[in-house]
Structure formats: C-alpha cells, structure tokens
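There are two complexes below, and they share subunit A, which is joined by subunit B in the first and by subunit C in the second.
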Partner chain A sequence: MEVSLNFSGGAELLFGKIKQHTISLPAEETWSMKKLLNWIKDNLLKERPELFLQGDMVRPGILVLVNNADWELVGQLDYLLQNKDEIVFISTLHGG
Partner chain B sequence: MSNTEEQKEIAHLRSLLKDKEDEIARLKLLIGTAGLPEIDKEDPSGRTPTAARHGHLTKDEVSRYSRQLILPQVGVEGQKQLANSSVLILGAGGLGCPAAIYLAAAGVGHVGVVDYDVVEVSNLHRQIMHREASVGVSKAASLAQAVRSLNSRVRVTVHDVQLDGSNAMDMVSGYDVALDCSDNPATRYLINDACVLAGRPLISGSALRWEGQLTVYNYRDGPCYRCLYPTPPNPQFVTNCSDGGVIGAVPGLIGTLQAMETIKLLLAEVKPDTSNHCRIGPSFSGRLLVFDGESAMFRTVSLRPKQLDCAVCASPQTRTINRVQDVDYALFCGRGPHDKDEGLRILKGEDRVTASEFRNVVQQSLEMERRPYLLIDVRPHLETSICSLPDSVNVPFENLEERVDELKELVNRHLARKDAGQSPLSVYVVCRRGNNSQLAVERMRTLLPADWPVVIKDIVGGLQAWAEQVDPLFPIY
Partner chain C sequence: MCSINEENLPVDTMVATPKLLFKDAVCRRCRILKAQVLLRKTDPYCRDCFMKYAVHKFRSTIGKARALQHNDRVLLAYSGGLSSGSMIHLIKQGLEASDSNKMKLIIKPSLLYIDEGEILNLSKEDRKANADFVLEYAKRNCLDVYMCSLEFSLAADISGVKLQMNSYEVEPSIYASQLERLFGSVKSLTAKEDLLQRLKQRLITLLATHLNYSKVFLGPSATRLAGQLLSAVGQGRGAQIAQEIGFADSRTGVVFLRPMREFVDKEVAYLAHFLEVDSLSLPTLSSKLGPTASIGRLTEEFVVTLQANFPATISTLFRTSDKLKPNVGVDRSSSEFKDDSRCLLCLSAIEQSPLCSASTARSISQTISRSGPSGFKDVESEPQSTNVQQQLKACDANCSNPGKQCCKTMDVGANEKDWGVVLCYGCRVTMEDVKTPELVPINLQEELRLRSRRQMMRQSVEQFLL
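Moving on to the complex of A and B:
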C-alpha cells in the first residue's frame, strides 16, 4: 500500500527538511492512523520524537489532514488508511 | 477620555451630523436644488460621513470605485455596505499592511489599526506600508498615515496600545469584523476569544519562511481558533519571523487574501436585491488555505466543525471562558504576546561571560600574541556568512551530535597547544542572541569527556550584545 506523507509549516524540520515522502506499507495488514504515527516515529523521525508526538497523539499545534480534510472529520486515530491516501501534517504558523 | 467614550461621542456626533445633512438634503429637494454639484462636496479629511452612507454615491465615489462598482456582486448597494462597514486590523505588520491598504482602497468606511510596536528597519522588507522615515514611529500611526494618504474618505482610528484582556472586548466590539494580523499565539487566542464573545467574525492570517495560512473563524456556525487548537503549542515549537525568517511576499499575499475575504464577508451582508442574484460570502469559513511559496502550491482543506465542547464558542452553559479578562494568555501559552526574543536563562551566571568581558579576553590574547581560548559559533552555517567574530569556528547547534568527533578533535588540538600546568582551556560558545549558546554549552558538556581540562561558557546576548556593547559597526540582523 502506497501512502503519501507531506510535512509543512516547519513540521518538515523534524524529517530532514524533506516535505514530501512516499512510503510503502505492507498491504496485508490494516493501518490505522495510530499505527501510522508509530511507524513514522520508528522509521522517519530524525530528531526527538516528543517534538512530533505527545503520547499517542500528534503534539498540539500540528493539524493532521487525510486527503485534504481535517482528520477529526474521518475518525482521527481510528481512520484506516487506503492505498494512495495523502496524509498531511501542518504545523500551525503564528508569524505575521 | 477612554477610547470607548471617544467612540461613543463620535458615534453620537455622527448621528447628529447625519440628521442635519438629511434635513439639508430634504430642504434642498423642497427648493429644487437637488443634484447640484455642491451636494457632492465632501470634507477632504474624510472625517465626515461620505454620501455613500446617505443612500447614494457621489460623482467622485462613482469614479473612484467604478471598476468594482460594475461587478454584479458589488453594485451600488455593495459599495454603500463597504462604506458603512468598519474593520479592525490587529497588527500593523506584514499581514496588516496589505490588508488595511486594500480595504481602504476598496472604500471600507472605517479602519482601526492596533499595534503597540514601533517600525524597525528589519520590518521594511515585508511591512510594505511603512517608510524609511517612519523607523522609530508607531506602526499603527504609520499604517494609518498610509491609509489616509491613499483614501482620505476612510476614517482611520489608531490604537497605539498593547492588546490585552482589559481592552480587547471594547476594541473588537467597536468594529464589524476583525483581522488577525498578529504574530504570536497568546495574542491569537486573545483575539479569538474576544471575537467569539463579542460576536464578531475573525479573518485570520499567518506567515513564516515560505509558507502562509488563511482561514475565517467564528463566522456563522463555523469553528473558532480554539475549536482547532484547544491546547496551545509548547513555546519551544513556536517560531517567529525574526528567528525563522520570512519572504516578504508571503505575508503580502496572505494579508491581501485577508482583505479579499473581508470584502466578501461584508458584501454578504447586503440585502438581496431582486434584480441581482449575485450573492457572495467568505470562502474560508471551516476551510483553511495553506500556501507554500517554495513549491508554489496552494492547498485548501476542510476543517472540523464548531466543537460543542469548545472552551469559548460552546453554549454559555457549557463554555469555560466567559470573559477575556479572566484568562492569563501569557500563562496559558507559556509565553507572552511579544514576538521579540525573551532571553532564555538556563546557565548560571558563573557559566557565562558578557560581551564586554569577552572583549577583554580577546584584548589580552592580542597582547600575549597567542590565543589561549577556543571560540565556537553555533549558528546555522548560512548565518556565519552574514557576520562572525574573528577566529571563531562554526559548529551549528543542530549538528553538535553528528559532528561530535570533529568537535573533540578541535578541542583536543587546542588542549595540545596549551602549556602543561596552565589553567584549563576556556571554550566560549556564541550564537545570535545568547539562547542556543546556552543549550549548546549544556550539550557540549555531555558530549566532551568529563575529565578533559575544559571550561565551557557562553556569551550573554550573543553577537547582538557584541554589536551593542563592543563593536557598533558589527551587523545586527
């Protein structure tokens, strides 16, 4: 199963400054968002995981989008990934 | 007199004036002079209500706004609506400058500008309505001046104050719509709460580096800032434009889009005209625009609905915030409403030297004709090409761990040069402002073997302090 990950608003700084990642996950398993976050922590995070995760959740100030919709609209941690899904992590900006 | 009292007084006088002018218009109609040129005369200061507010557009107004007037979504009713509207610009910076100027250009009747800060030379690359001559002048006054010189019909109110719990409600309530053009989380939560409690929609923009974000909060049944972000981010993850950098055109674009959304929101209030079915309204309520200038990508995403358990926009029975005066926003966010750096204090005094003390160290080494210390500059490599102290070695803070072997080798080389029996080697760490240097000292102490005869200190206030205390010609950025 192929999933696209996008990090922006500064969240990419935790991932080697690379905004766009395409990952392959074993399709025979089911992948919830909760499981994906753990996978990201184990496989992609370059720096201290607490900058990205707080417990099981994404830390405050990062919006998570599933196919351009707030993940709150699709079940948050329980959402089950589909092939070709696009998951976006946006760190909220405060500057002006 | 307080601002509120002034506003009340002004509103009263305006209504008196309107009555008088209505009476004059009625009398002129009676004596048959209606339509003569003097009716169109206006006070060039813009302090008196424009004719648009009386129910018709003057010849000048028709000419001035002609290019938008002929759009079916605007028309005469829309133009009158704009003239009768008031907007509050919270922050006269990179977002507030274009937002205020486009709204004034479009003929919004009353623009309020809030900013406690003064114009700095480092603002000019993005805060485009300020001028070189305005450096040191109130930002709110400087932007107000730009607005007046563009469109003298617009009434401008300068709020040269720090927005806080004591004044936010009065300020926000005095206008139809608010624009969040601020630069820090504490102010953003305050603005949101005041808008929710005062029942005002909020057009929110933000920008950093190459990216910008835009959304509309608290519009009809849409979510508010707290619905999306019930918990504030840890201040260590909050980057401002001063630290993170920003391309000026990004807030330029987002501020312009804030003006666009505001105009659409104001036009949505126009009573439907049976002959004109072109209804319009804001596009970003419940949606977020994410712009990445680096890849030229615009993304629009759907946001969650208004949250029933939101601390501020839930029902009065459920909400926990009833008055902004009761909330300590600086405490809530872990940092106050300033984008300026508030220096970290991690190291003890004896682990630090001031810039002047370090100057003495350099002076002594020059007299001795040898350098018995090591100076490590922990800024990102890119910044060392802007300016750096002589004989400093660059090992960026974020690379300390991965370059630990290089660091050890460097220290070792200096240790080898040192005479036996001499006091320990002094290692000084410097950065831009003296924050990362403290963290770097802590990290280096764990990275270097504990038995090495090394004393590591940082320079208080970093290169900025060096420029202020020692070398006035040294650049500050």
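Moving on to the complex of A and C:
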C-alpha cells in the first residue's frame, strides 16, 4: 500500500527538511492513523519527537489533512488508510 | 475558560471536546458538499464555502479599517512562511478580481524580503537558496521583490544599506559581524527575540521610507498575535499592545497593517493548503527548543494548547485587547517634544513615570534586592539611588520637570541608568540583557544629551513666555 506524506510550514525541519515522502506499508495489515503516527515516529522522524507528537496525538498547532479534508472529519486516529491516500501535516508553530 | 460560565455550560463543553462528532459531516453553509474544513470545532465547511468565507473576511479586515486609498503603494513583507504567503495570494486574487466585483483591490504592491540568515546561523548557500525561493515566488506572482539582509538594520541611515531588487547576493559587510557579536552578547532568548523584532521594524521602516511606500503589510496570524499580546504584557509592553497587535501600527511614520490578524493558525493552514502556498523551511530563533525557552515561545505554547480545546481562546484575547487604547498623555504641540518622548528603539511613547508607577515600584524592589541587607540603609532614604533622584532633591521647588529628571541636572553624563529618557520600559528590559549595547544602531549617549538640551531650551522658553 502506497501512501503519500507531506510536511510543511516548518514541520519538515523535523524530517531532515524533506517535505514530500512516499512510503509503502505492508498491505496485509490494516493501518489506522494512530498506527501510521507511530510508524512515522519510528521510521521518519529525525529528532525531537515531542515537537511532532504529544502522546498518541499530533501536537496542537499542526494541522492534519487526509485527502484534502481535516482528519477530524474522517475519523482522526481511527481513520483507516487506503492505497494512494495523501496525508498532509502543516505546522503553524513558530518554534517548530 | 471564564469561571462565570462554569455553571451555565453543559459539562462536556468544558472538558476536552467530544471526539468525532463531525465525521463525514456536510458543509453547514451550502448543505450539499462534503465538509473538508472544521472551524471552531463546530463548523464544518466545504472547500468552496471556506474559501469564500476567508476571502470575505480578509477583504473586510482591510476594508473596515479604511486604511487604504486607491492606488496606494504597499510593501508586502514576505517571510517565506505560510501566513505571509497566503496573504500575498489573497491580495493577488483581490487585484485580479473583476471591476464590477466589489471585492476588487486597487493597490500597487511589491514584496519585501528580509534575510535573517546571519543570526540564524545559516550558511551562505542556505541563505542564497532561501532568497532564490523568494525570487521564484515573486516571479510566479508577477511582483517585484526588494531584498535586504537583517544586518543592515544596524546601519545609521539608508546610505549604508545594500538593497537589492529582483536579485540577491549575500555579500560580506561590516554590519554582518556586528550583528553576530550583538546577538552573541544577548543573555536571554526573550531579549533576542525582542531585539530581532525591533531591528526588523527599524529596517523595514528605513526601506519603506526610502522607497516611498507609506504602508507595509505584515502577515502575522491571530494565533501569533495572541501569543505576542501575552508576551507584551509579560515584557512590560502593556501600554503598547494596541500598536503591537492591532490592525494598524503607525508608531514609526510608516503605517504597518496586519490583514491576517483575523485568521487563526488553523485557518491559515487550510488557506495555504487550498491556495497551494509553498513555504520556506526557515528555522526561527526558538526552533527545536522547548516551550520554556523564552517568554514568546511559552505564550505561543499556551495559546495554541488552550485554543486546541477551547476555540474561543483567541477571540477572547482579541476582544479584550481591542478595548485597550494607548494612553497618550502627551499633547504638546511641538513635534520635537513628541520625538523626544518616543523610545529610540521601538518608537513607542515613553511612559511618563510618576513617583508611584509600577516601574518605579519595580526599580525600587530591584535596587533593594540587589543591594542586600548591608546596602539597605542607603536605599531606604533614597528609593531610587540613581544620581537622578539625588539631584532632584537639590533642585528648588520650581523645577518644571518634577518626578522625572531635574532641570538642573540635565547635562550630567549619561549612563545606563538614564535610559529611561530615551527607551521605553520594555526596551530597557531588553537592553539590560544586551551585553554590548554600543552595537545597537542608536546612539544612546548622543541622543540623551540632545534630548536633555532641547528640554532645557524648552523650559527656558516657557519661563520667558510666562
């Protein structure tokens, strides 16, 4: 399963300044957003995980969009990823 | 947030918001399309309706202040960030709107980019790459862009400033190392951030005046400004709040306008996404630092975290601050007097401090704590143990400037303690953390002498007229 991740507004600074990532996840498992965030933390996040995640959640001040819709409208942590999904993380924090 | 409401509100609005109430919701405006945006935790909108709402809000923020005239030349300060980037997109849309449409914006904008790379420790290559991003952005939007480096804020006047248009080279200058030394000598991050803001304001004013632009658009969002509001209070700039975070700031002679001030950061992020605004990966002074690194960082953290659960946070802060008006106690006609009562660094009115003001209280308690038990006796008899206070006593009762510096002691040598004549309280606090104040582009000693002399002259004229 292929998923596109985009980090912007300063969030990319925590990911080696790379904004666009395309990742492939094993399709035989089900992938919730919660699981994806953990995967990002273990595989992509380069430094200071607390500036991206707060507990299981994305830190306040970082907007998450799933296929151009606010993730709060599609189930947030419980949303189940589908092939070719586009996930966008936009940080609006000054000290990000 | 407010304790009065506690009993009237249903319990669940006071705790963290109920999750996923709006899963697969329909737009509440058109009631047809699927919602893509969730505002204030309760208002789902589709993309089209959100954009209409945002454009309308942007135009009405500018329109209701009646700050712009037809064909005004406006400098758009562009940082490379999402908020100023979205601002420029919205302005472009306004310029291109059809004539019949009331939403048409008739101004003549250019971009202004200030390269802060020197104090962010960016390499020359990084600074060049950032500048190229900005140049490309300007080109795509068919706008001219003026480019200047922050170190030129230290230049005495415009003749020392290297300003480039539609191109950018990082060139070594004497000011670069001066700026580096200056920031290296600042003890706290809070003071650094404040100094950066003042220097940037100074440079933009210098450039706008030189280029004959009377108005400058700045891009901070409501969230950023709400944080700055709390920082301003924390840093003793309470009297300047109306100017620091209001729509218009006219302290410097150039009018700074903040058309993004009605958008919270979530709205800015939606806007940037839908308008496909790309942003520069710019670090800030507090990047990757914890929430307690500076007052500014702490207040941002506070506002953002509170806003996440209580969407009324920012509008409550704004409603409160909009009621605060600057207390302009100076109404003498002489413009010279007005200049003399302005802070050299931020150009705010310097608050006159009567003997019982909060800043006097602070200075007394500071003197007492610093002098320790042994020094306490002296302090008791002379609360402000500076030479000002001592000589105030020597002055006869006719002193026309009681409570401040005595008329007869005006020409005594200036030292750090006398900054009150040339700096506002907030800037004094910042300058106390600057170990090398001589590197700041304002000649404190010289200005202090000039101001004292002018004041004496005014006083003798007043006496003569009486």
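Just so we're on the same page, the second predicted complex is superposed on the first by the 92 of 96 C-alpha atoms of A that agree within 3 Å, B and C clash if a C-alpha of one lies under 4 Å from a C-alpha of the other, contacts with A are read in each partner's own complex, and residues count from 1 in each chain.
The rule we apply is simple: a residue touches a chain if its C-beta (ideal position, glycine included) is under 8 Å from a C-beta of that chain, and two chains touch if they have at least 3 such contacts.
A quick note: this is a predicted structure, and the numbers were derived from the prediction, not measured.
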{"item": "Side-by-side fit of subunit B and subunit C on subunit A, or clash", "value": "clash"}
{"item": "Winner by number of subunit A residues touched, once subunit B and subunit C are compared", "value": "C"}
{"item": "First (subunit B), second (subunit C), both or neither touched by A:K17", "value": "second"}
{"item": "Contacts of A:R48 with subunit B and subunit C, given as first, second, both or neither", "value": "second"}
{"item": "Subunit B versus subunit C as contact partner of A:G75, first or second or both or neither", "value": "second"}
{"item": "Contacts of A:E2 with subunit B and subunit C, given as first, second, both or neither", "value": "neither"}
{"item": "Partner chain in contact with A:L63 - subunit B first, subunit C second, else both or neither", "value": "both"}
{"item": "Footprint overlap on subunit A, comparing subunit B with subunit C", "value": "8-10, 19, 51, 60-61, 63, 65, 68-70, 72-73, 88, 90, 92-96"}
{"item": "Touching residues (chain side subunit A, partner subunit B) in the complex", "value": "8-10, 19, 51, 59-61, 63, 65, 68-70, 72-73, 88, 90-96"}
{"item": "Of all residues in subunit B, those that touch subunit A in their complex", "value": "91, 93-96, 180-185, 188, 205-209, 211-213, 228-234, 237-241, 244, 246, 251, 288, 290, 292, 295, 299-304, 339"}
{"item": "For the subunit C and subunit A complex, residues of the former touching the latter", "value": "19-20, 22-25, 34-38, 44, 47, 81-83, 221, 223-224, 227, 265-266, 268-270, 272-274, 278-279, 281-284, 286-289, 291, 293, 296-297, 300-301, 304-305, 307-308"}
{"item": "Touching residues (chain side subunit A, partner subunit C) in the complex", "value": "8-10, 12-14, 17, 19, 47-48, 51, 60-61, 63, 65, 68-70, 72-76, 78, 88, 90, 92-96"}
